[in-house]
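Once you scroll down, you'll see the structures, which are given as structure tokens.
What follows is chain A paired twice: with chain B in the first complex and chain C in the second.
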Partner chain A sequence: MQRALPTERNATPLLLLLPGLLTIAVFFAAVVTTGATSLLDAQGGWSLQQYARFLSDGFYRDFVWRSFRIAGYCTPITLLLGYPFAYTMSRSSPPVRLTLTLVLVVQFFTSYIVRTYALILVLGNNGIINRPLLFLGVIGRPIPLLFHEAGVAIALILVPLPFMIFPIYSVLKNIEPNLAVAAASLGANRTRTFWEVTFPLSLPGVLAGIVLVFLFDLTAYIMPGMLGGGYFNMIANFIQEQAMAVLDKRFASAISIVLLLVTLLILYVIHVLGSRLRGASG
Partner chain B sequence: MRPLLKGCLWASAMHGLAKLTAAAQTTIVVMTWGGPFMDALNDVRPDIEKSTGTKIEFVTQANSVSGLQRLEALKANPQVDLWTTADATAAVALANGIVEPIPAAEVANLKDIPEKLIFPAGPTIWSSPRGIFYRADKTPFAIKTWEDLWDPRLKGLVTTSIEQDKGMFIVIAALLAGGSEKNIDPGFDKLKALKPNIGVVYKADAESLKFIQAGEVSVAGWAVFGVIYKLLEPGSNYKFVMPAKPQFMSVNLITMVKGRHNQAEAAKVINAILDAGIQERIVERLGSVPSNKKAKPPARIRDVIPPLNELYNPDWEYINAHYGEWVERWNREIVSR
Partner chain C sequence: MRAVGWFARSVTALVVICMLVPLIVVVGASLGGGNEIAFPPNGLSLRWYANVFERQRFLTAFQFSLLLACAATSLSLVIGLLCSVALVRYRFVGRDAVANLLNSPLMVPQVVLGMALLILFSQAAIVSSLIGLGALHLILAVPYTVRVLSAALVRLPVSLEEAAVIHGANRLAAFAMITMPNMKPGLVAATMFAFVTSFDNFTASQFLVWDRTTLPVEIYAYAMIESDPTVCAISTMLIIATVAIVVLAERWVGLETVTG
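So, the complex of A and B:
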């Protein structure tokens, strides 16, 4: 009996890992299938034709550039909005913290489609931004906030806010409060304490939030689909159009693989930058 | 005690018999669109089950193309017997061996379906006029023709779609400019002139109404009647126009999926759906035109239904082969800013 125990102990982690590994295997198989499809030519032979088609045409490449560009500027804005919120949550009294958490949770669990449609009602010609301005005579015609990049950007800043706030909050609330007290006792004011103690210690949460929001924005489909009005399609919309409307699966697969590779590269860069920042701060 | 025991045994025997009967009853799986389409078919399901002796189960598809992709993925072992789809997609499915021609001899009601509405992939179950709908109180003039969409007074007020009916809006523009699906350049030139008026492009028909209700635009330039059917009450600000020429109707077929074993029962279900009484009930809910000649269309649609011989019949095979190029041209030439 005594000898059986170590074997049981060794087998348990494997058994626990199995469902997760199987799930990953299914998704990995999907990626491999997509990759293989992207390499097929019309006759069923192997070819890089679809990649050449994509990379040689600026019109196609622009979908990738546009997606990275909007994700690139929306993510820092989401961080600027999310960090103070997370900081306030971590420093609030339990009732206030509960209220703020509830506000976030309600948003988090509301369908993207509902949230995006709600933004149409807010940002639209008759929305709560345009209507008071029109009523007050500040503007003569509604400000066009929808059906171009601005509307999509507003959605990509607001909708993924919980993905930024929760990771930062979870790190901030675990920072030892005595560290700030110690910094103050050594003569640091609140601003210096924040920038030299709190913020560096919250970097793991900030980086996690940046990665989550960046990926959310980069692969957004519903928001550009609904708020872009056909005039601002991102890479996911283009892939969907090729796969589901044009029925060109080989080209859609090639674009998907390009997007995947570029995303992995960006994640690697963020990871390296994050490691350096953490190294520099501590 | 003995009577109680006897009663229990009797009840168990009856329950077992009922289960056996249910198991013997064939189940026909029908893939169709959700929302009002599913509701309309669900409404007539009990009568179809009764008349055919089969059980019907519905599965939904987001749109015809997603239905086609599901059937392609399950081609080796299809889980669906019957599939309702758009005529353009049905043509692709037939060419790819996803569906097969229906056994016409077993569908007696086909005799009441006009020949023009029977396609190689299957018969039409309903069709919907395509035209223009608009809000009269938000539109500067009463719209009557396709050309009205190009009126400068409609700057930014028009919504349209090329995904609905596989680019038929481009074909309509081409026809207006002297072209056709086989001579599409005049259509694109015509659409370039429409660019200032297009405020938003929609993918699904329901979106066209949503954008108009939200006040973003006021005219849907490639509208399907069924979407605003229920809003066309007397005195309503919503108006539907089916311009004189060219005229087109979205046609939905019922097709038989290849490789299923219940063909005889599936044919019975098709026959029941094409029955005049069942057709009337379906189209009353959808605001569509029945395909059975003996069935009456809903009162509100009667004025806009064009004669069948005046409808434009596109060459779907040609359109399917060129749709990818058209989408690309649309993206490059019309919606790029």
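So, the complex of A and C:
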């Protein structure tokens, strides 16, 4: 169906792409300049000193480990919450589906700052979780959530939910509904139909959601910044601090490049996994 | 047989609560009369809204954010439209590579992107927030507009345009009068993505606020220092604006375009 109109010459697509490619060129220039900056030592000579410094010090490595750890356990919980939501959305009657879509889209378009700030009010010592529990005498003193890992983790589970739900929903809603009917007519109950028919077919969406949320959590800045209040910095906060407070741009560049390479590696691994998945199911 | 079991329904209800309750708390707390943030609010007043409008820095930052978002949105729509025509309507060597290239800024962590542009612009001795943040927001918005507009264009058969050309319209007129109106849902979705991407960006933007700051940067700075309900008031206004835009989009083109 898609084909070129017969009268085209070859230069036209290049001209159409030119403004877009120029924009991307600025982006690549920035990444290359940062790469070059990361290779300068304290005296301005070329060396790998910044990388050696980052990798040799346990204090710095802790930020990386902590970010991986928290992203590692928050992502499965986001999946556990997001999948049933996407499933309900794809199988509900039109009014329910519209309501869920509205809630989700409003969530998606509401600024991260606002959503994270809102969680401060919920999780604080005087927030709506701690106050009623204190009042009822269920707990003697506030549960430490704000300015602790627990608070940051709760934010990293809840805030990226739309990134998990959208890709799963868009796969689920395109699964042929007659497949489930066929499975039921062959005697499978609903649980079995789900695990043997629906879930395997939705795996590409699950994989896409996991990557988006894992990378969101790994490189999060606002949630550890606001809910950790400086007591629970992650790798992105550390980069910002080195660049804007310590003013060590060469060191900050080196950590940025490390984070970029880690991100690209994860995307590559998932890309390979995704191709295998498609190969296996198709 | 019910289509959705009790487990999926309970989790969905829990997620809806987790999404809505924090926003309701913010809206409630913004109406408080006391100096401390409280929910339910103690006493009702609009004094924190007044406080927002009395602070010049919020107003200045809001104006600059709006300017940036409008500029980034309109430029990225034009760029996205041109790119999607090239990618969807032409066959050329390296087309997939170009599509990936145009999408590549989204693979880079925000903090790295902000850092990289800071290094580039300080090396080039360009320390203007308008230029730096303009470039950043354009780089972030173009992947969305290219993706959404390409998806919209791919659904429209080229034969519609060909018919117009056969009847005497030139290519540009055929595109503007036949294809563009049919892309309306895609254009609305692309506008929303581009605008929000720019207007809400904080993590990358905070590296480039040399001479002017944006609203998210001001809100973050204020929230980290002060603990009065002023930020609740700003947040409430942003929540109301978001809800209004989403409801309008639903009425106008339906939300299926946004959810993909």
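Convention: the second predicted complex is superposed on the first by the 249 of 282 C-alpha atoms of A that agree within 3 Å, B and C clash if a C-alpha of one lies under 4 Å from a C-alpha of the other, contacts with A are read in each partner's own complex, and residues count from 1 in each chain.
As a convention for this text, a contact is a pair of C-beta atoms (placed from the backbone, for glycine too) under 8 Å apart; a residue touches a chain by one contact, two chains touch by 3 or more.
Every value quoted in this text rests on a predicted model; they were computed, and no experiment measured them.
Partners chain B and chain C, brought together by superposition on chain A, clash. In the superposition on chain A, A:109 makes contact with chain C only, not with chain B. By the touch criterion stated above, A:27 is placed in contact with chain C alone, chain B being left untouched. Comparing chain B with chain C, the partner in contact with more residues of chain A is C.
In the superposition on chain A, A:269 makes contact with neither chain B nor chain C. Of the two partner chains placed by the overlay, only chain C lies in contact with A:215; chain B stays clear of it. By the document's definition of touching, of the two partners only chain B reaches A:231; chain C does not.
Contacts of A:139 after superposition: neither chain B nor chain C is touched. By the touch criterion stated above, A:147 is placed in contact with chain B alone, chain C being left untouched.
Once the two complexes are overlaid on the shared chain, A:126 sits against chain B and chain C alike. After overlaying the two complexes on the shared chain, residue contacts for A:244 are found with chain B and with chain C alike. The single stretch of chain C with clashing C-alpha atoms against chain B, selected from 187-195, 223-231 or 241-249, is 223-231. Residues 117, 120-121, 126, 225, 229, 243-244 of chain A are contacted both by chain B in one complex and by chain C in the other. Of all residues in chain A, those touching chain B in their complex are 59, 117, 120-121, 124-126, 146-148, 225, 229-231, 233, 241, 243-248. Residue ranges on chain A touching chain C, taken from their complex, read 1-5, 8, 10, 12-14, 16-17, 19-21, 23-24, 26-27, 29-31, 33-34, 37, 80-82, 84-85, 87-89, 91-92, 98, 100-107, 109-115, 117-122, 126-128, 158, 161, 166, 169-170, 184, 190-191, 215, 218-219, 221-222, 225-226, 229, 236, 239-240, 243-244, 249, 252-253, 256-257, 259-260, 263-264, 267.
Across the complex, chain C meets chain A through its residues 1, 3-5, 7-9, 11-12, 14-16, 18-23, 25-26, 29, 36-39, 78-80, 82-83, 85-92, 98, 101-102, 104-105, 107-113, 115-120, 122-123, 135, 138-139, 142, 146, 154, 157-158, 161-162, 165, 171, 192, 196, 199-200, 202-203, 206-207, 216, 219-220, 223-224, 231-232, 235, 238-239, 242-243, 245-247, 250, 255, 258-260. Of all the residues in chain B, the ones that touch chain A in their complex are 65-66, 69, 92, 163, 199-203, 210, 214-216, 323-324, 327, 331-332, 335-337.
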